[in-house]
């Protein structure tokens, strides 16, 4: 079983059992964003957590083995995503990418924000003009170092 | 003069005069991220702000006209960016895109985070294990609505 | 069952039972264009409507679950569509895209027509020189707002 | 002078003289959408109209020759547009393309909406929940005919 | 059964039964080029003709339903075809496309040759220097008309 | 001077002097389609004909040298043409390519229509339902031969 | 059975039975290069030869039918091949393509080397500095001829 | 001056002075195919030969410096060449690539034909049925060796 | 069974049996990097080694046949890899490719590092500031040689 | 002046003055590989080093400003490089990429080799069977860390 098939099994079980991501995240003691990314196949799930996931979602050991396996990462179906929810983040990159780059270099010098030593968070912020989605990307700065 | 040429003129003048983005942002009373994106050609700069910019940077009116013009947005040189600083954000999308999508849908239902009614912020967070780059994307939730 | 497979099941059942889109749209009390897009997998169908659809089309619950699931949107088989009926709309974008952009900016200022808070309609307009297809795209204006 | 350069000259002159598209359209007695598309290089402008345009915009005959020339059409800078205002229409095609196709075939049979015998209109519709952009595509139906 | 699978079933049955395209075209009273294109999945086949085809080729009703279905057209496996017989027509477009465009515009004005109100014919022309393939493309002229 | 620049010089001179392709073709004693293709840079023009062309169009010897040079052929700006007049021929290939291939193989056996030993013709055919564009592609059959 | 599947069946049978291409070529009385290309699906194999092939390789009639079928040619998995053995020939084209073109035009005038009336040969040439692969491409010259 | 510009200068001088590739090759004592490839910018030309070339072609030292420079190789304008003369070699790769690969592996084992320790030759072979272009690719076999 | 499927069988068996690459490499007496590449389908595995592998991993003879077969090489799922671990090497090529080229040419003259007569090694180097991955690419220099 | 133009100025000056990379590297007290990458525009050069470079190479201050500027990195002209010297490294990635990934994960766990905290070295290793190019990539291991 591939990690992609495992991810689809997780989604189907969640829908069937009416279990939310927050519940799953709590069950394995991990932040929600990590939990979702990992169960959709982008991180290897440690054995202990994988056992909990398959028990909660009533899945079998094939799913567990797949969840534990080391992924070949990359979740977009094409270089430019077509799903509107995901595309908006690509658009942010098209419009603000160089600005982000300038601000990182001005503040930190030459280097990058790590996408490995990295965490992210998605939360709702109430706003009378319409609630807002706030996504925080938080990665260690890595200076170019020879 | 194209907006791209105007952006390059801004960068060259900044380097020559030793002026930082924070200074420019303050001079026009706008947040730094908006300022950088706008001066690099991704937003039209209102006339008043454009006048300040060209005065501070000792640039001429051709640059000002270009800054004021309505942009055709899109700053990446190719569908997949090659610059490592920018690529890491694309990688975040490759690894975490579907997770962000799941979390938005779980919290808000079917819809998207607007990239138009949107602001972002880049800041440094001190960390003994190495300072961190924290990028906050903050957009209004737009539900699919017929 | 994927949403794509569910859409194909819907098409096959429609052809077999001789049921039209208008009938389906009426059965679930939704506009035709939304109905078609949703049943072809581009919108999640609420449970109540999904139950009606599978009953009318004599399909089983697997189809219903798939119709209810949150889609990853994007219906074109390649960046440039090859089907002539769909391609003509792409051609309209090639020829009139910048003109539409200019007119939106002149009338509304900097911003976009939402494709989320959006509805569309396809209707026939009788014309002695040959009937016409009239497609109305109707989306909320979203101004760039920081 | 290429038609693209002529289009840029038109844009610059409009900005400099503070003349709007509506004024230009009225001056040449054509609908606004046609006027913008034609002056941006997607339609040949008849000599009479071209003479008016260059007079109103204080441009020279090189621009006029270019406006009159037969275009090689196609205005998008890449198969998938990056400008958010234009991208939204591409997204509409991604999400609603097959639905539009189904509705055309159900209503008219096998065939297409012409993009040649075609007109479009962009207008503002006041709405208390936020004004709306309404784009009407109106093309003759062409049945597949051997 | 997809239209593509139906087309392959037709090809296999033709080979097995030793039936030619000319025979099939005559059986359904249609021109050969239309017949081939339709049976390979590029046109919907009316029910009467579809019944004849499956009877002559000893195929079952699944094939018939697929032949009758409305196609999503587009037969090339990639934007640039690799099969040499088909590629030569793409090469003709590469070498003569703009010349054809010029000649159409000189003779007819601004507009296109319809590919919908269209027929084509492939025939052999005896020639002592080697017989020739003559392909005639015959489409209605459609003037750009607002 | 490149062959492309020479082609643009030819187009500009034609427009300025009001000379048509038919006239140019007659002046050099060649069929119109060949003449247009050659002057747009897809065939080397023999010296005698090139001299006539530059004299008739009042162009200089730089243009003549370029017209005489051996071309690197290929006139489409991208793998899929965007100009509607040219795109329709690509669409014909998308819809009828495999049908043409089948008919060539049934009539001639395994092989191709040459695009080198090849001529084409574009003509108007009067038709009460609207005049038609008739394009005839006429190439020698080349059998696969080891 | 597709021609690709037939080719894979041939490769598997060859490996299992320890039969070489030379043997197969001799058995059907054809040059080795033609034999390999044909059995891998790039040429239709005449019935007599196909019967020999399936007898020698102990394959069944499904394979034979597939071998006899007219191919849609094109064996590279992507426009640029990734297999190093095949890539080297693409590299030769990248480095020497224009030189080959110049030499053909200088020697023969405007035209091409046919890839249809064509044969090729691959042989080993002993060399004390390391044996050499010698590939001979031998095609009829086809002059551009209207 | 780039190597590409130098190659164009060489082509223009050859045409102006009526000097052939054979003559140039003889003047510098190199095989014709190497000479053409090198002067078109795909090999660095040693200083002695470069001096001869610019003297014979009456070019200046800028051209000579460019000819001597180390190239970044790659002469095709796009991954798939459009020029028919060059395309035929790409087509050969599409049709015969895997066959060549099989024959190399059967004769030599696992490895490649070098495109570096490599020479090629283009010659005319008289043939009553039409003269033939014979291109010989001759490269050292390199076995995979750890 | 394809080589890809065989590679997946190897990975699954390794995970199930808790056997490491080092163990497998030792069992067949080959360097680890070669072993992994070969078992993942990029090199043909000699029969003796293949027999050991399937015995150690408790796999059957289908896997063995696939491991022994000659590969069509190329392991990246798209021209630009998306997996971060692999992408970093592509990024190295983006940033340092021309520098490596310059240094090879300065030291060795015109030529390449062979990727065929080639070995590589991946090892850990302890470092107080964080251990390092050291990858050594070691290929024979091949001078351009006619 | 762009960083690319500065890099070309550096290359031209080096060739004109007969100065090698080793000399330049020594003059600025940096490793050769860093020096080349930086002067070709992939790293910002600190002011002190930039001053030395332009003095040694007799270049002016425009070059110096460009060398000091922050680069937008990415040196390949297309996603797949065509230059044979650079392509070989891409080929290594195609053939050995997944093997390197496996070995890194087995040795270090889930994570990557940094391309930022990274150095590389290119050296010649004498070998009686032909000298070898040895490229060492040496980057800090970065574990996935939330």
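Chains: A, B, C, D, E, F, G, H, I and J, in written order; residue numbering restarts at 1 for each.
In the analysis below, a contact is a pair of C-beta atoms (placed from the backbone, for glycine too) under 8 Å apart; a residue touches a chain by one contact, two chains touch by 3 or more.
Fair warning: this is a prediction, and the values are worked out from it, not measured in the lab.
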> What's the overlap between the neighbours of subunit A and those of subunit G?
Replying inline: I, J
>> If I superpose subunit D onto subunit J using their CA atoms, what angle of rotation comes out, to the nearest 5 degrees?
In response: 145
>> Count the C-beta contact pairs for A-I and for B-C, then tell me which is higher.
In response: B-C
>> Measuring centre to centre with CA averages, how many angstrom lie between subunit D and subunit G?
In response: 50
> In whole angstrom, what separates the CA-based centres of subunit C and subunit E?
Replying inline: 29
> Which residues belonging to subunit H are in contact with no fewer than two other chains?
Replying inline: 72-74, 76, 79-86, 91, 94-95, 98, 101, 105, 111-112, 114-118, 142
>> Can you give me every chain pair that touches, using the contact definition above?
In response: A-B, A-C, A-D, A-I, A-J, B-C, B-D, B-I, B-J, C-D, C-E, C-F, D-E, D-F, E-F, E-G, E-H, F-G, F-H, G-H, G-I, G-J, H-I, H-J, I-J
>> For a test of understanding, state which residues of subunit I touch subunit G in their complex under the given definition.
In response: 65, 68-69, 71-74, 76, 79, 115-116
>> Residue numbers of subunit E touching subunit H in their complex, please.
In response: 80, 82, 84, 87, 91, 94-95
>> Considering only the defined contacts, which subunit J positions touch subunit A in the complex?
In response: 31, 34, 43-44, 70, 72, 98, 101, 105, 110-112, 114, 116-119, 142-146
>> Going by the contact rule set out above, which residues of subunit J touch subunit H in the complex?
In response: 11-12, 15-16, 77-78, 80-86
> Tell me, which parts of subunit G touch subunit H in their complex?
Replying inline: 20-22, 32-33, 36-37, 40, 42, 73-76, 79-81, 83-86, 88-108, 111-115, 117-118, 120, 122-125, 127, 129-142
